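Some structures to go through are shown next.
Heads up, the next two complexes both have chain A, just with different partners, chain B and then chain C.
And then the complex of A and B:
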């Protein structure tokens, strides 16, 4: 890899050509939209320049909203990880692992809205889940429009995105390391804790990124599955743009979301090289 | 490498074909053809047989598109990408569109059928002299409930929703004006209130309803009510009519303290390229027989007096959907409160939703 990079570096006439798609992409779809969002966030309804949107964000309504968004995003990420890690581990141990992996990925090809509507039926008072609870003797439960249904459906939707990076890092793990750990007298738990987990931590981190960040701004599921009893920053943005037509406030919330995401990226990507490997040696 | 190249070529060719088809399909949307009109209406809000009849009678081809919110509709008209000839905003949205200069004045020499409309529904405050709009349907906001799930309990006023026996039973609509309006009405205030103290009081009162609230959702409520999954919902009269049509146990009332009276209206947006055809369509829809057939199909209340005579008296004498003028005088039409106030309503609504647990 390094060698290739070196050659391209020296081959000057080719370099600008290669960079065109990337630069164009970054300019058009990353820098321009973010710049526009920041620009809009400084204007009020009448189109006057103002900092009021930012002041407004620190009012109790939006602060509470932020905290509740973080809490639910945290729960969703936690349960997704708890389910995805063992699953990915199991998949790497199976014979036709690519096939089993594919089977897990397939549901993510189905439209999100469709899957969400399916859950309305499944969780309904007269749906199959309640029919099951009835026969087991637990009796009818209100499942739809609860915290449980919200977290469950979100976890279901995000699971493939968490499994993939973890599966890849587990798959790349050199089995000789595990054998070595066993030979040196470590039991399964110690092997997992001191060998497997640290070496797959990067997969876990990218999994957390792809789940936590979108989970912060989920909005459709909050209405269809949680009946708006769970409100996220995404709901507020949608409302500001579509109903109130207050693009300024909507953009301000979006600016904060970008900021939060940036912080999460920093947290989950630092300490990559330094601690994991050094910590191991110690 | 060859495989990748071939794959890329295939993808590009397929994309090009799709793009071509898409272009062909979209032609209808932006049709500037003299002999066609593009109608932009709410979903499930017209008997489509009537569109065919209109095409046959006038030779004007109809392209039909739907929207699901006033705001979304205005956004598209404002952008001007598609040359809509007819659209059906609600009353407060007409005030907004007038402010933004998005509407064309109507030429009444081309709409003789205006004579069929009940004068009660003409010359209303949101469009004095009906300069830009004519009423299409009207209705109310009220409570739909299924007595069989509530041990025969009935409803007369908004405060009945606060009954402590109704834990986790009430479904509200995910719309700030309707929900905050209900809070205001239950306290005897106007649902167009711009008084901060009244709005605060209404929000605080709504928060005390929290234990009874099952969910705050949109159109999905119709199906939940029909299936007996939900027992009580805050809803529009026509939506209630849909529920009642499918499930006989459901009833609908407009609370006595007052509620919202609304009108959806036909207008010609500034994007129109066939103003003549648009007038022909408005006149066609106001024809007594056409309006009767349409009202029968859609289930909302028609402002067309001549059509009422042609309809089933059982429907037109139903006080729940055709309240008399005395009842209507308790009802209020939404005024356009301005974006600033609408923003405030929405912030209070957000505060209420967050307080629900």
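And then the complex of A and C:
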């Protein structure tokens, strides 16, 4: 591919023409928005240049918010991984694995809002989960508007996105390696720990990347399911932009969210290019 | 390959049940003549009728589909041009830089995209509504199309182009008769993903939509905040049906063209 355009594109005047739309897109919708966010983070409500937003961010309110947002994102990512890894592993062992994988992915194509809305009914005071708890003898519980429901629904939403990259890396794994490990006397656990896990780590990393970053910025689920009990960085940005109309503070939080995003990407970036981009979650 | 024993099978079954329960729960109660999502009274189609009688909802549905189709079309065109620009770049460092820029919007949280686009539109004076929503959807779909088309372009042997040029093809011929047919599966996949990204988007649209314009996701959000309405359930029944048909269609197309399902949607 290196010199594919060698002959066709050595016509210099033609080159800019077809690169214009894409270049314009990069300038206008990738670089400018980030620049604008950074620019706005230095202005207060009255439009005066200030560092107050940054000072505010390091006040206890926002630090607590950041820490709790990270804590929830951590919990969500952890549980998603715990459920997704075995699922992906068992999926690779099924007969029609591509079909099963498709079946796992279909729910992720259903509008996110609808799935979240379903949980309002499922977890409601008169919903089936509470009816079940009643018959078991535990009695009615407030499930909706708790931390538990927030983490549960988020894990539910993110699971297919974690399964996919892990499935792909497991699928690429050479089965001869597992046989070799067995032949050399390793038991199942050792085989998993020393052979399978290290070889699928890239898939796990990209799974973590596509779950952790969106989990930091969820705001719709916090509003509908957690009933404003949980505030994430995303909720705070939405609040500042659309409710209090304080774009400066909202931008400052956004700047930090972008920073966290880059740090997470650096940590989870894998050497294997093919698995880094698997999709994103809204 | 070793066979699955009982316990893993049970595990998979449980995962499938959990994944599908909310969806079937919604659809089940869409046939409930009672008002809520508990106590199934009797079977009815009235909520489906309500969807089709609600002109406001129908307009929103049409808005959503128009935005999705237009944005997918435009972003596919720009995305293909973008992938071509990247592939024809001779400077490797430059190419990697552009690729990183391309991927920024893919990994950016929607809140960031929404908030920054809101600032952008306000600054350059785009009125919030149909235009701002459409432009945003085009903007966040372009990198996905690029990602879907690029591998196909890289797969393509440069000798194909050389052969075409040697045989007297013009540059336009090379593009339309050699390159485009070769990367068609990637273009289709990109178009399809862009379509579904747009249909499914909530957060970005929520930021950049004005008062007068709404898409389905935003509408469901405001309906759900107000409480349970079985119209939403009927709507989800219809959406589920369409989604399954689309996914199966995509699966059939991608199997034919041997491109594996390589992207998921949010």
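Basically, the second predicted complex is superposed on the first by the 242 of 282 C-alpha atoms of A that agree within 3 Å, B and C clash if a C-alpha of one lies under 4 Å from a C-alpha of the other, contacts with A are read in each partner's own complex, and residues count from 1 in each chain.
As a working rule, contacts are C-beta pairs under 8 Å (C-beta built on N, C-alpha and C of every residue); 3 or more make two chains touch, one makes a residue touch a chain.
Source: prediction; values computed, not measured.
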{"item": "Chain B versus chain C as contact partner of A:249, first or second or both or neither", "value": "first"}
{"item": "More chain A residues in contact - chain B or chain C", "value": "C"}
{"item": "First, second, both or neither for A:68, with chain B first and chain C second", "value": "first"}
{"item": "Chain B versus chain C as contact partner of A:45, first or second or both or neither", "value": "first"}
{"item": "Contacts of A:227 with chain B and chain C, given as first, second, both or neither", "value": "first"}
{"item": "Contacts of A:189 with chain B and chain C, given as first, second, both or neither", "value": "neither"}
{"item": "Touching partner for A:175 - first (chain B), second (chain C), both, neither", "value": "second"}
{"item": "Touched partner set for A:126, first chain B, second chain C, both or neither", "value": "both"}
{"item": "Shared chain A contacts, counted only where both chain B and chain C touch the same residue", "value": "120, 124, 126, 223-224, 242"}
{"item": "Interfacial residue positions of chain A with respect to chain C in the complex", "value": "1-9, 11, 14-15, 18-19, 21-23, 25-26, 28-34, 36-37, 40, 83, 86-87, 90-91, 93-94, 98, 100-122, 124, 126-128, 131, 156, 159-161, 164, 175, 209, 213-214, 216-217, 219-220, 223-224, 233-234, 237-238, 241-242, 247, 250-251, 254, 257-258, 261, 265, 277-282"}
{"item": "In the complex with chain A, residue positions of chain C that touch it", "value": "1-4, 8-9, 11-12, 15-16, 18-23, 25-26, 29, 36-39, 77-79, 81-82, 84-85, 87-90, 98, 101-113, 115-120, 123, 139, 142, 146-147, 153-156, 158, 161-162, 165, 171, 174, 196, 199-204, 206-207, 216-217, 220-221, 224-225, 228, 232, 235-236, 239-240, 243-244, 246-247, 251, 260-266"}
{"item": "Interfacial residue positions of chain B with respect to chain A in the complex", "value": "69, 71-72, 168, 171, 174-176, 213-218, 220, 227-229, 339-340, 342-343, 346-347, 350-351, 353-354, 356-357"}
{"item": "Of chain A, residues touching chain B in the complex", "value": "45, 61, 64-65, 68, 120, 124-126, 142, 144-145, 223-224, 226-229, 231, 235-236, 239-240, 242-246, 249"}
